[in-house]
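Order of writing sets the chain letters: A, B, C, D, E and F. Residues in each chain are counted from 1.
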Amino acid sequence: MGRTDIGPPDYREMLPDVIKKNYGKWKYHETPRPGVLRHVSETGDEIYTVRVGSPRLVSIDFVRDLCDIADKYCDGHLRFTSRFNVEFITDSKAKADGVIAEVNKLGLPVGGTGNSISNIVHTQGWIHCHSAATDASGLVKSVMDELYDYFTNMKLPAYVRIAVACCINMCGAIHCSDLAIVGVHRRPPKVDNEKIIAQCEIPTTIQSCPTGAIRRHPDPNVKSVIVREDLCMYCANCFTVCPAMPLADPVGDGVAIYVGGKVSNARKPPMFSRMVVPFLPNNPPRWPEVVDVIKKIVEVYADNARKYERMGEWIERIGWEKFFKLTEIPFTEQHIDDFTHAIETYRTTTQFKW
Amino acid sequence: MAKVTLGGIEVEIDEDGFIQEPDKWNKEVAEDLAKVEQAYPMGEDHWKLVNYLRDYYLKYEIAPPIRMLVKQTGLDLKTIYQLFPGGPAKGACKVAGLPKPTGCV
Amino acid sequence: MADETPLLDELEKGPWPSYVKEIKRAAKKNKASKDLLGIQELSYKDRITHWKHGGIVGVTGYGSGVIGRYCDSPEKFPDAAAFHTFRVNHPAGWFYSTKALRKICDIWEKYGSGMTNFHGSTGDIILLGAPTENLQPCFDTLTENGFDLGGSGSALRTISGCVGKARCEWANIDTLDIVRDFTSEFQDEIHRPRWPYKFKIKASGCPNDCVAAIARADFTIIGTWKDTLRIDQAAVKNYAENGFDVKGLVVDKCPTDALEWDEKTKTLTLRAEDCVRCMHCINKMTKAIRPGVDTGATILIGSKAPIIKGAYLSWVLIPFIKIEPPYNEIKELLRKIWDWWDENGRTRERLAELIERKGFKTFLREMGIPPVPQMIYKPRANPYVFF
Amino acid sequence: MADETPLLDELEKGPWPSYVKEIKRAAKKNKASKDLLGIQELSYKDRITHWKHGGIVGVTGYGSGVIGRYCDSPEKFPDAAAFHTFRVNHPAGWFYSTKALRKICDIWEKYGSGMTNFHGSTGDIILLGAPTENLQPCFDTLTENGFDLGGSGSALRTISGCVGKARCEWANIDTLDIVRDFTSEFQDEIHRPRWPYKFKIKASGCPNDCVAAIARADFTIIGTWKDTLRIDQAAVKNYAENGFDVKGLVVDKCPTDALEWDEKTKTLTLRAEDCVRCMHCINKMTKAIRPGVDTGATILIGSKAPIIKGAYLSWVLIPFIKIEPPYNEIKELLRKIWDWWDENGRTRERLAELIERKGFKTFLREMGIPPVPQMIYKPRANPYVFF
Amino acid sequence: MGRTDIGPPDYREMLPDVIKKNYGKWKYHETPRPGVLRHVSETGDEIYTVRVGSPRLVSIDFVRDLCDIADKYCDGHLRFTSRFNVEFITDSKAKADGVIAEVNKLGLPVGGTGNSISNIVHTQGWIHCHSAATDASGLVKSVMDELYDYFTNMKLPAYVRIAVACCINMCGAIHCSDLAIVGVHRRPPKVDNEKIIAQCEIPTTIQSCPTGAIRRHPDPNVKSVIVREDLCMYCANCFTVCPAMPLADPVGDGVAIYVGGKVSNARKPPMFSRMVVPFLPNNPPRWPEVVDVIKKIVEVYADNARKYERMGEWIERIGWEKFFKLTEIPFTEQHIDDFTHAIETYRTTTQFKW
Amino acid sequence: MAKVTLGGIEVEIDEDGFIQEPDKWNKEVAEDLAKVEQAYPMGEDHWKLVNYLRDYYLKYEIAPPIRMLVKQTGLDLKTIYQLFPGGPAKGACKVAGLPKPTGCV
């Protein structure tokens, strides 16, 4: 048996010298061009960071390619960002240019800084998860191909942060994203009475349902459960605790779109993303319906928002009724909340736009 | 799913080695499962754990929370991992013939 | 195994780097990756996942760090029939020497599929796809080389923090050291699940919150300052003279109207008591405005994804606290929280849900924290008061 | 009976008109009022009410309109032992001829305590304190003189509306006529309780909402307009020239930034599509700005006091509807609502609580009203969607 | 048996001629002095309204006094407002002055218009209600004596609307008032096992409790209920449906203060009032503790708010933490919501003032 | 509280005339109560109402909602007020010997 509980390597062993030296001494930064940050230290030192887009799901050879570049320009170090981008940190503009040239050769984009669309936070999807109601990587690729220019320039009014989660477990900060794409089911679980007894704890399964849709099987001889389908909103929480209750369905599954969330405390406090499209079908490999809506929203936002106004701030200013009008997205009964705090979302004023 | 011989009888197990026919569980089945889980030979404390898990499950139809397990058996988590290197969920529950845990334990 | 992947091939086109290319690259050397490609193509065709529920596998002595996964068509994809992932804990700030990175690649070349996520959304290196028999040797080799696993299951999860003092001028606390220190301290809690459900800790150096700590950590540490932000009037003037619209883009956007702009003298005045440290003015005038010097953190609690009771954002528990090694006060608080949660929580009940069920007041009493108006946006509107 | 009221006497002092003086005034002529004074003094001494729970008394053929009340110390206060109140419905807008008012006074002098509330907070004339045996004759005399009772219990309550077109330049709908017409139409619903709980209707002529209809009516009618508000630029200029700070007090306070002020030309421009008809600019520049001419109402539903699920404000059900006699569309809607509520509501469940329990969506479907974004502040954040 | 279902008199019979003539034709108004409104019609007619404070709880002789004045100056008509004030409407300034002189003689104040404190919406209290946790009329008198000048002038930043309710049934629009004074209990109900069977429906009583504190009596022979006192928050809803569960208590009962509500849609949408003082004792006849807090809040508001800023708008702008600081009202755990939508009131941001 | 003689027996009633000793209720008591409520002599429909109220109450311990009353007896509200001018709550429930209604009916 090997060692245990050693924890990850100490980050101090992973820092390039220039950072060790200026740790905690940074004074200001600027963004000389999209994808490049210049940080200046109190010591007078400066560094250039080149931010590079990554598909996140990569082969080890991809990582080795990155290492080659880091060895050449960055003192043998590199880092990743909280949004899966790669950052090459160098101590001169010239080296930064070198990095840019090399990554471009590898077909990787430089960008994601400032008022851009950075990399999409996403999850496993059909690549690895049993819960997935859609794929993640494919959606990301399809969307980013379309929004590519927004990654490499900084012409948007403000940050636009996109996230994809392949089910409503929402791995990632997707519930607070400017744009969120979420895999959803639309069919209640099908109970497998054979398997349930060996694979599931009945009480846990019953308790897992937020709407109380799961009851014990009426026949006490059948050690299983039944689902009141009218109470089921397909959250799949039962499936999480009980494999014998699958919901995935080629036609039932698809994607919902949420908008207007944010995380930073700058200007407005953090906000949740809110549903603007209840359902779009899974249409791999390129999910054209999803891509179209996302693009439309980004464009309407880009045309209408004020400078430094995040998606949610913009919508709050103009009002949701105007948002639906401008984006031409149809408003449906699914948009109206009916969960626990629903009442707080109802418009208790005569103030609205037509 | 695979059938294997455990404690001299044929039992269906899943990929992770959890038995799929709870009714067939017995002491011998448990001991054979313990072998897989590096928990063999089973001493008093092994049985204490396994019996507690099993009794709890038969009574409540769920596996007990870890806190409860620790409190009721008097065995701390470290000891439990010594007894069952796979831990309470993968190790002890498997030996006790419980459904594969998804949450607690 | 699939040789033809017409659907996935579509995803090799277009300017954004293609994960399909990456799988194909790995598939050239590795059979499991080749099967992964086939499984993914099949999912694209069938519009459904081909991974079975759950899987409980692991390494000796740990209850977490490995996600078990089996394909539902092992006969078609024997090399990815068992395709478990490791969650390998990252060095704080996701900084790496190429040496360390190459080491991981080599290990993964040997024991796994050769496919990875840099990183998973909690912050781990995800080594994607190993058969059951390789788990223990792979893990042993990882630890030999200085890496260890992150959390999964009802455990403390891999802690993460923003780049902080390593490369950011606004870090009010040393996020990297916090991540390092807490991760060492709580190895047992990370590796051996024991609670009602998962627990996450994240730390951001300032209210910009570059790790989204306020949205996805049961325990959220966000750097801030207690004194007044610093304004360099000369630099302000510079901005204005270079055509930057100080009034329109900064002053008017201050959420509390705490700034005043004198167009004539080109000076920016702060009503310090009104500033809520939102960072906006600092963000937009990086050379002229900086956080204060009496730094520390706001502790917030409770954020999480929607399961079960809906998503939560973290809310203020401690408006301001000094954050310095050995961080004993915070660690004690954490232990107190875990204890209370563990004692009272139901299975799969996250901290916020428990607090909501029991009442924030009860929680505060148990923690011995006095109520302050900073904890709330607004007092209760209903008259349903317990005395 | 009490001759000494040292505590209450304190309340004869001070500039605000004294209700104690009023009771004493009535007590001079009326024994019940004298006992009322004694009961009140006793409550001041004991710091507790001396009225017993409930009481169910009434007049023939009605289930509502009288609130039964008995004193808990009838031996001490025999003349107020039974001290029931009438809720007498008011003429819309609370307008009276002195003739009618004097008539009420005379009737109440004969049958009751001589104490009244002008008015109760639902809008009735409250005739405060009659013995059981006087109820029927008093009621008979009231109706002979053209007055009738208002609602109580699980009935439709007395409907009220703001002064409206009678004396207000902003009335977009004829609130008084609405109150009159609906009150006649629904006499049966007012006088004979039949529902799970009470139901209230209130109408305000504009969003200033001078009867607080949005806060305390299950069915709220608020006048508004669909076209553009009218600005008289000459009058605007006048305001500005007389020193009124148009920019600071009006333009800057517009909630949607829909107004623009040209300081040079002293003109006020409206971005009509951004105006949410909040009334502020109209309120503050009464001579220069007026509502539009395409008038009607917004219908909102659900407001109520805290019992049981907490207080509610009414929310938008129909963003805009023309409101003209004979008001059939609204009446049909009301009947539909009552039917659904009556069929589905639990005892003591107000409309809003039922809608919350069943889902607003369900309610909309049942009413045949299509969902529009004007009904909500914001769409759902949770992913728990029924399809 | 007399007539039934005739409804109230037609308002058209109750209008003075000048109003009949100008019905729906009003063009604008102004407020020449506190308590007096001048409305001008498209027809050129004008009217003067004199608004007069009333204690609401009045004798018939009071009403007759009003009638005398109306007969003299107002064509034999008058009206009451939605806040219990009396309005005398005349067609000339001279007559208005006459009204003012007469009402002043009666000791009644003229005011309540514009940025004043108008009459207090209130309820029955110990005068007539079984539910009362405090008195209403006495509180109103005590508060208005202190705030009298705010009624007769218009020097506040904006409208300040006060309401008093003698229990949390909150008869009136008290839950949306700038300042609300609410009677509260602080003792659980005492179950009267004797009376309950004759006077109460057990299931209704049990169901009435919002927190589920009421259970059937554990002894099936006792047809009664028990109260889990730790779950009781003294709402008295059980008492409303079941007389055998009284809560009133001389020491337990008192008053809570809520602030910052509004009803009008002007500027900000309607808002709920929020608790700032959880409890003050009943201290009749003048409730000095209550009067002091109310006065303090009004003064701090008057000193700090901007013109046309309602109490709630002001607090929203400065923040509740600042409100508590400025008013020096202690913040307690009772201020923190723990009812159904509590979570929505928690501060999910790092933005706050010290 | 007052004692009165109803149907030949002494029964306690409250100020509103509702009996306080539910066990003493019988046909005769009802008829005497009906006199007070101007519902005498009681015909078939009177009894239909009273019996329905009573049965419902004995079964569910609550008075039925008006809607239920109307549906189940087939008597509309207008008729009910004709039968019991005090209405279902003050009139019919009193005669049926139910506790004084606070909510429904």
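We adopt the following convention: a residue touches a chain if its C-beta (ideal position, glycine included) is under 8 Å from a C-beta of that chain, and two chains touch if they have at least 3 such contacts.
Remember, predicted model here, so these are calculated numbers, not experimental data.
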{"item": "Touching both chain A and chain C (chains)", "value": "B, D, E"}
{"item": "Touching both chain C and chain E (chains)", "value": "A, D"}
{"item": "Residue-number overlap at the chain A/chain E interface, same or different (half cut)", "value": "same"}
{"item": "D-F compared against A-B, more contacting pairs", "value": "D-F"}
{"item": "Angle, in degrees to the nearest 5, of the Cα rotation that carries chain B onto chain F", "value": "180"}
{"item": "Centre distance in Å when chain A and chain E are each reduced to the mean of their C-alpha atoms", "value": "49"}
{"item": "Euclidean distance of C-alpha centroids - chain C vs chain D, Å", "value": "52"}
{"item": "Centre-of-Cα separation between chain F and chain A, whole angstrom", "value": "65"}
{"item": "Touching two or more other chains - residue numbers and ranges from chain E", "value": "168, 170, 175, 204, 210, 235, 240-241, 243, 265, 270, 272, 339-341, 343, 348-351"}
{"item": "Junction residues of chain B - those touching two or more other chains", "value": "18, 62, 100, 102-104"}
{"item": "Residues of chain C touching at least two other chains", "value": "52, 54, 60-62, 188, 207, 209, 214, 222, 255, 277-278, 306, 310-311, 313, 347-348, 381-384"}
{"item": "Chain pairs that touch, as defined at the top of this document", "value": "A-B, A-C, A-D, A-E, B-C, C-D, C-E, D-E, D-F, E-F"}
{"item": "For the chain A and chain D complex, residues of the former touching the latter", "value": "168, 170, 175, 182, 184, 186, 210-211, 233-235, 256, 258, 272-276, 278-279, 317, 319-321, 323-324, 331-339, 342-343, 345-354"}
{"item": "Contacting residues of chain E [partner chain A, same complex]", "value": "265, 269-270, 340-341, 343-344, 348-351"}
{"item": "Touch list for chain D against partner chain C, complex", "value": "306, 310-311, 381-384"}
{"item": "Complex interface listing, chain B residues touching chain C", "value": "15-16, 18, 38, 62, 65-67, 70, 77-78, 81, 85-90, 100-104"}
{"item": "Chain C residues within the chain E interface of the complex", "value": "207, 209, 214, 222, 224, 226, 255-257, 273-278, 298, 300, 302-303, 312-316, 319-320, 352, 356, 359-361, 364-365, 371-387"}
